[in-house]
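See the structures that follow.
Each of the next two complexes has subunit A plus one other chain: subunit B in the first, subunit C in the second.
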Partner chain A sequence: MTVVGRTWERLTIPGKILAVVIPLGAVLTAGLAILIAVIGGAVVQFLVDNLPLVRFVVAATIVLLMTVPSAFLIIYMEMKVIALMNLRYGPDRVGPFGSALSVVHGLKVLMKEDFTPTGADVPVFTLAPVVVYMSSVMSLLVLPFAPGLFGQDFNIGLLYFFAMGGLTVVGLLMAGWSSFNKYSLLGGLRSAAQVISYEIPLTLSVVGVILLAGTMSLNQIVLGQAGNLFDWYIWRQPLAFVVFFIAVTAEANRTPFDLTEADSEIVAGFATEYSGMRFGFFFFAEYVNVFIASGLTVAVFLGGWNAPFNWPWPVAVGLDPGSLGIGLLLLLTLGPPLAIVVLGLPFYLLNSRIRFWQALIIGFGLFNVIAVAAVLGLAFLSFDWVVGLLWFMGKTYVFVFTFVWMRGTLPRVRIDQLMGFAWKWLLPAALLNLFVTAFAILVLNR
Partner chain B sequence: MTGIWYIVGFAVAGVSFVFLTIGAAWLISHRNRGDLHKGLPYESGIDTFGDTHGRFGLSFYIYALLFVAFDIEVIFIYLWAIAFRSLLLGGFVSMLLFVGILLLGLAYAWRKGVLTWR
Partner chain C sequence: MTTRTPFDIPAHASTDDPRVTLDEQLGVFEPIPPYPPRTEREAEFYTLRDGEMFLNMGPQHPSTHGVLRVVLKIDGEKVVDLDPVLGYLHRGVEKLCENADYHQAICYTDPLEYISSLFCEWSPVMAFEKLLDVQVPRRAEYIRVLSGELNRIASHALFIGWFALDLGGLTPILWSFIERDEIVEMLAALTGQRMLFNYFRIGGVNGDLNHEFMSRLGTWMSKATHQINSNQALLNENEIFVRRARGLGVIDTATALQMCMTGPNLRATGVPFDIRRAHPYSIYPELDFDIPSRTEGDCLARYLLRMDEVKQSLRIIDQCLHRMPDGPVMAKLPRLIRPRPGRAYAAIEGPRGQYATYAISDGTDQPYRMRIHDPSFIHLQSVGLLTPGNLIADTMAIMASLDPIMGGVDK
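Here is the complex of A and B:
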């Protein structure tokens, strides 16, 4: 025992880590191999027999896990873009250009004390962020990301989307009421009044699109915009687009309509008494909602995953790896080392201060970049969903940038202007758009 | 039918994700009961006074009432919009009448000054 103890003492910290990790990894790998050998076949058979279940689990996992990086990305974008607009540096310490700061923020929120005030209604207080977050995840179910890449294609897609978006109000109201704080109560009621007022123009503005597409399924609406730039519904529904974008900004509680958490008036609105992870989930859901709002705008008015011009792809790449035979094996074994040496050699030859092993490391990095780029390019050429996903994400992040831009430039509106604008301007405009569209369909008969 | 199960499944998955994360945060986070003043509601530093769930503006209720009327209208309009290509002129005129009646109500509320926030 003492021998083992003395040897252990002499190891440095990386040595100790390795001494624990390597045996553990070996045991786990062996265990996994035995497990696969024993029950692997049965598991595969079970998965094949229950393909719908497998599809559901994959869809739910992807959608749930997708919310985390997209929220982090939007938070980072907001910090950095607003900083640049204010002529500040913004985050620049953690990671390249401070890009890891939002992850650090997330970890910090995870470790903060999660406190419940004495007066609070504990079950409602705990459930409020759950309801808010759940409503955003459930909206993601119908969002079409790419051809064949969506959670589920309902024939009532848009209606379902707005119903789930409306659930957010319930969560915010629960948070406001259960916090036992006057600021929270005011924030919750304000958010309820604001969100329900803007829900009417929001839902009415898309009726024009439903009239044109003849369906509420988001997938069908996107398919109806196939073709080029001028087949998108934004050209036939410009008024609806303006009304929709204003209303969706208010629905997502973003500046200039962020009266629910107006920090100069009511501290932090409904979130005043929240702390720790329960507070975190409100803001997590807010950033997911920004993504969802942008995605819906793109899907309904900007052609979703359709390219803005007639995309000649997917093209069939006439490359069959099997035809190379033994050449494929040689390529796979000899290609990477050769490529690393070839890529690293110029650095070694041109710069006398770089040693050979350093040049090899540079070559390895370059080779990885090129290999990943080649695989992505091949996927981009041959699968239409990769193209679609890229177009959808590109357009969506343009709108996310617009939301951040508005936060950087526009001042917050007053509450009387906010409520009056929804009922006196947006609602008549949405109804006008609806009847003009219906009349046009009636007259043009198409 | 699978759609229903997708909705239920997504709800369960979302709720369990939140509870798992909150549970993990509860395990690793700092906890301290503190004294009496820690649990008081935040009112800019002073002790709270008055009834928290007391009186607030009547305007909130009126907007909620207007919302209910127009939200039901939206449900009808959605169904009408899908069926519009088979209804044509008759559908157009009846929807014009339906919305016209609702707009009369909105005009009345507007005239009464309900839409002006006080």
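Here is the complex of A and C:
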């Protein structure tokens, strides 16, 4: 055996890993540096020339990556909230308060067998989950999260949104038809009937808002609601809001309109024959749809990322150190030690096994964390997109909670009641709202 | 190389079976039996008109309440015709009872209606007592009524949960399971078992009331009314629930009587027939309670009637606790009992209706013949009458509102 071979044998496992990784990294870094030196300029030039394209690609990637954690969050939220409504504990084993359970669910779904039943129309069967998932992700692209934080600001944003929502039904119909199962077929047909019926009141209910805002761009609609709570469109379009929320619940196939996957009637509807990650795509798409439905409701009727009151955002961190005089010196010299002692003292008093110097170390660590968090937090809050994102997410998750709440309490409607409700009540209400809004605009503008 | 006849292929072959070709596999999915029609009804049912198709629902379906298989003939969402296929849970209980002695027979009847087992014991025990001409001690009768009414509440609580679950509500079943679980736990303290109690004996009951049972019962009784009311408030005022259940699966009095319906399903059509009052047994004549009845005869009436019955059961339990006499809980009987040859019939009012046993003795220590009349089987007949013309979703609601237990149907 050679010397190299014997040295290799004597290395521990971390040593072996380092012995491979360090030379490899050095070579790769050198190669990358040479590559950048040679073609870097051209690449940068290309990116600068095509900035909108780059922006679009980056935004689309971020949106695609964002769907999975947000779906995980909503799934966990649903499990936990419904458990509390059912007077049980819900997930409490994996992670703190069971919060990692939905991640484990995702991994489980990935590892399961991907089964295609005999007699299925294989290409259609395989493509259906992709269509459903992609249509959800693509409608997320126009949702304005914060000032300047959106995938693309189309001037036909709302129209694009409904078009993409309509694509979902194609995927569900594909799944229902190609599975070669009667339950799947019934589920697919139900979803087609339901989504097409509810698309009409859904679209008509926002026409009033479009008339008021004068644009279909979601970003412009949100900008039009700037100001305080009473500038939101929900006060000028209350009927449209009700119609819109009911219709969007039906569009997202949520209880009480979850007839497409009614487990007590047609087993699992269109998803009966799906397993593994194909089923996972349907599952993710459902929860992404919940997020989208909530986000759209917030953007159109509840001011999007606007705060509900006139607050001087972004925060003006107006600190003038000179005005403190001698106080500044005292603050800087006495403040930190005092804070360290105050933060460390509880640990010393509450736990007899912690010595005083150990408590001081803990206090020092805590003080640093708090100081850095305060500085960074203030700095971030001075960006208006951070504030906007916080407001948007807060409002959106209120609606996500409402969807979960409805699922916990309401039974399911019947198919004829569902269709009758759409055509006999929602459609006339949406039309009435449209005519009244148009008439009011005509009279007031004259 | 053997030639294959159509009978080589099992009627419901697995799709993974390598002996079955693809075409044969695709043909297997229609639930048409592999033999020529035997009756006119079969010929009519298995002939499809234009636009109709079969939907094979069960035996593994989330909401057929066990292993019932229903072949639906549907036109779109509408159910045109329906054929229940029974026997997936058949164990030959009657025959098993005939090969066991009188004490052992009671164990076999226990799992028939497995969510109200005490009633499945009560009826054969009463029949055997009539054969033997035994006088049951009064304390034993009171304990029987007390535990029986508790079991009735548990059964009705489960019905409420199932009914709501079949209509798509997630929460009511978990709320009503709290109630049921407390009752089941206290009966476990009394009898030693949670579901299949095996508590009633010929001539009495197996063991007196104990402290744990009484303390659990007292705790539960103090909050029972509040608990039941809160469960009701979840469903009774829910617009979606009421709109789905009202006017669905209406059966009129004459038809219900023709179909031999009993129990809550008959009382929901306006006939206040209750065996506890009509053919009194045990100590029921001494107790003060009402027989609730409703006139609508639809799913909502059946649901609301069971709610009323729960309140009457609470009244009965209250009276039992106040009037409970002292004394023995078992009559004096020999270990091996050999009744004189003869026949006896005993009917009781179970949570689902008339539960009856007809026993014939030939003088040996085993019953010569034992026939069990189960209300679930009787009520399941009328599904075929009520469902056609409704939607697929209503099939579940109607089936759930009749409250059949497949253990009792298939025996």
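The definition used in the following text is that the second predicted complex is superposed on the first by the 334 of 446 C-alpha atoms of A that agree within 3 Å, B and C clash if a C-alpha of one lies under 4 Å from a C-alpha of the other, contacts with A are read in each partner's own complex, and residues count from 1 in each chain.
In this section, a contact is a pair of C-beta atoms (placed from the backbone, for glycine too) under 8 Å apart; a residue touches a chain by one contact, two chains touch by 3 or more.
Values in this document were obtained by computation on a predicted structure and should not be read as measured data.
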Point to revise | Which of subunit B and subunit C A:87 touches, first, second, both or neither | key: second
Check your understanding: Just subunit B (first), just subunit C (second), both, or neither: which does A:413 touch?
Key -> second
Review point. Who does A:130 touch here: subunit B (first), subunit C (second), both, or neither?
Key: first
Review point. Touching A:267 in the superposition: subunit B (first), subunit C (second), both, neither?
Key: both
Exercise for review: Please tell me which partner, subunit B or subunit C, touches more residues of subunit A.
Suggested key: B
Exercise for review: Considering only the touch criterion stated at the top, classify A:288 as touching first (subunit B), second (subunit C), both, or neither.
Suggested key: neither
Check your understanding: Which partner does A:119 contact after superposing on A: first (subunit B), second (subunit C), both, neither?
Key -> both
Review point. Taking the superposition as given, does A:256 touch the first partner, subunit B, the second, subunit C, both, or neither?
Key: second
Review point. Thinking of the overlay built on chain A, is A:434 touched by subunit B (first), by subunit C (second), by both, or by neither?
Key: first
Check your understanding: Touching subunit B and also subunit C: which subunit A residues?
Key -> 117-119, 182-183, 186, 267, 415-416
Point to revise | Contacting residues of subunit C [partner subunit A, same complex] | key: 15, 22, 25-26, 29, 53, 55-56, 61-63, 77, 164-171, 174-175, 178, 234, 238, 240-241, 243-244, 391-394, 396
Review point. Where on subunit B does subunit A make contact in their complex?
Key: 2-3, 5-7, 9-11, 13-15, 17-19, 21-22, 24-26, 28-32, 38-44, 48, 52-53, 56-57, 59-60, 63-64, 66-67, 70-71, 74-75, 77-78, 81-82, 84-85, 88-89, 92, 95-96, 99, 103, 106, 110, 115-118
Check your understanding: Hey, which residues of subunit A end up touching subunit C in the complex?
Key -> 82, 85-88, 117-119, 182-183, 186, 190, 255-256, 258-259, 262-267, 407-417
**Study point:** Sites on subunit A touched by subunit B in the complex
**Key:** 52, 56, 59-60, 63-64, 109-119, 126, 129-130, 133-134, 137-138, 141, 151-152, 154, 158-160, 177, 179-186, 189, 192-193, 196-197, 199-200, 203-204, 207, 210-211, 214-216, 267, 272-273, 276-278, 280-281, 415-416, 418-420, 423-424, 427, 431, 434-435, 438-439, 441-442
